[in-house]
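As written, the chain order gives the labels A, B and C, with residue 1 at the start of each chain.
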């Protein structure tokens, strides 16, 4: 099953590298988001205190929503999702492959966003790189796990563009809270290890629960 | 791990559709259809748009469950989670199931590996040779004409040597040469004792190709005939009269 | 329906019962909203639970009955949640001077209420095949309860939070349990009605289909 998930992931990355459509538009959108926040929140050259953490995660949430929608819309057009479901691959492998593709895409976006936000908002996001990466990775995984399942479910539904955020954001509230608070704790002048560890633990627990749930229910939810 | 080695335990020599219906809410897509098709036979599903052909093919491909009735592969009842059965089914959909951003070779290798074929690249190369597209192997599928894409899509559907082949409107938009190639390929499948179910509008082509014809209208089976000829006149005659009582077959 | 009559009577009598309860010392008359607020909050929780359990059973068995129960329970959750969210701030305004407090319980309830809304929006606009999708959403929403509570709880303050809501000592007596009974009855009556509505709709659909098959 891992082999198949890897196969699907590699295929998705090849397609993405060739066309670049989702990667470029998502990245551009995320950067635009950050700029809009800068115009909205920075007053007289001074950014709000914990603003950087919030802006980072809102940009990730919005960009992630866009990327998820586009990724599955593309599968829908050539009906290739159907081809994947017709193959003798176990359904969880298809889910896993798609999930990892989204995570890679978001990771690439974050690699650009973090330095950009650190620069624009004078926030020392890179002061503790290991913890920053850990929080980002676990938060992105949680968000993508729920998002991949919902986006795949919605491929056959009507009003799918509007429904994805409606379904996704309430469920990923814990991820956003943990991500923002964890990142904010990293920005404090004295490093508050306990707090960071607490939020990281919550994110890991969320990931464990929801990736497992998604793997279990993917088959049931995709068949009629 | 080849497709055959992994799923050798599943064999069947016929597919039986028994009083199968499928509805979505109030919309009746398929209503009490019954037929059987055996190895080495080509069965045609004929009918206008919305007659239920695609839904029936989806049920045969195990993607949809019938709301009543049953579909059997040999003696094995079809359920939607059946991984072993999916390995033996090849589908050529109306939307071709190809990734336009990948080359022909990459598309075929991907699906070959997905179906568990040990030497995916070798199978991909052989398929391209069979389709006569080996010199376009490394071009993106988005640059292909409809006929060429169809040929690649057909090879994709057949790359794992499926026992049951389902085709949804395969003749759409093809020129004469591609059509002839497709017909030849289907006859070859019949000789290899595969089961072929074909949904089409194109009655002239289907003439002489089909071993059995099932006529559908509004989800219902209005007529079925073995070894049909003069399909067009039969079609006209059959589509304008009232539907037959369910379960009975005419000749 | 006898249950509906009993329920209506109970609600009609409830103002009398509530009036006879002791006056709470610090908040006076306004505290009496609590007798509607608390039971509806409990019914909101119960509805959410029923929806979650029914959704899981639907995902496992595919039996349409569970799907109908889940849908009805989601509607109940939105209704009782609405009552809770309206009575809460009314009480809070008079008691503590502000309409809304971002504490753990109120905020988590708000988020869960939004999940229930999302369920209904999905059922309404998702088109055919949205039953399974909605069940998946309900499952995720239910699994999320602990996460939402913990994250919201520690979102406001990092250190173990001192309770923003002051402890309210009052007699948890007869009026409260009377209202709980009334609300529970209301929940059951409404749920059964709603499920029956869906059942009849399904029966109608299948009659329509079978009639079509004759001719």
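Methods note: contacts are C-beta pairs under 8 Å (C-beta built on N, C-alpha and C of every residue); 3 or more make two chains touch, one makes a residue touch a chain.
These figures come from a predicted structure and were not determined experimentally.
**Student:** Which other chains touch chain A while also touching chain C?
**Tutor:** B
**Student:** If you average the Cα atoms of each chain, whose average lands nearest the overall Cα average?
**Tutor:** Closest to the centre of all protein C-alpha atoms: chain A.
**Student:** Which chain's centre, taken as the mean of its Cα atoms, is farthest from the centre of chain A?
**Tutor:** Chain centre farthest from chain A's centre: B.
**Student:** How far is the middle of chain A from the middle of chain C, if each middle is the mean of its Cα atoms, in Å?
**Tutor:** 31
**Student:** List the centre-to-centre spacing of chain A and chain B in whole Å, with centres computed as mean CA coordinates.
**Tutor:** So the centroids are 38 Å from each other.
**Student:** If you average the CA atoms of chain B and of chain C, how many Å lie between those two points?
**Tutor:** Spacing between the chain centres: roughly 49 Å.
**Student:** Indicate the residues of chain C shared as contacts by at least two other chains.
**Tutor:** 129
**Student:** By the touch rule stated above, which residues of chain A touch at least two different other chains?
**Tutor:** 223-224
**Student:** Along chain C, where are the residues that touch chain A in the complex?
**Tutor:** It comes out as residues 59-60, 111, 114-115, 118, 121-122, 125-127, 129-130, 132-133, 135-137, 139-141, 143-144, 147-148, 150-152, 154-155, 158.
**Student:** Could you pull out which chain A residues touch chain C in their complex?
**Tutor:** For chain A paired with chain C, touching residues are 146, 149-150, 153-154, 156-159, 162-163, 166-167, 170-171, 173-174, 177-178, 181, 185, 192, 195, 198, 202, 205-206, 209-210, 213, 217, 220-221, 223-224.
**Student:** For the complex, which residues does chain A have touching chain B?
**Tutor:** Within the complex, chain A contacts chain B at residues 4, 7-8, 11, 14-15, 18-19, 77-80, 82-90, 219, 223-224.
**Student:** Could you please specify the touching residues of chain B with respect to chain A in the complex?
**Tutor:** Touching chain A from chain B are residues 3, 7, 61-65, 80-81, 83-84, 86-87, 89, 91, 93-102, 106, 110-111, 113-116, 140.
**Student:** For chain C, which residues are in contact with chain B within the complex?
**Tutor:** Per the stated touch rule, the residues are 128-129, 205, 208-209, 212-213.
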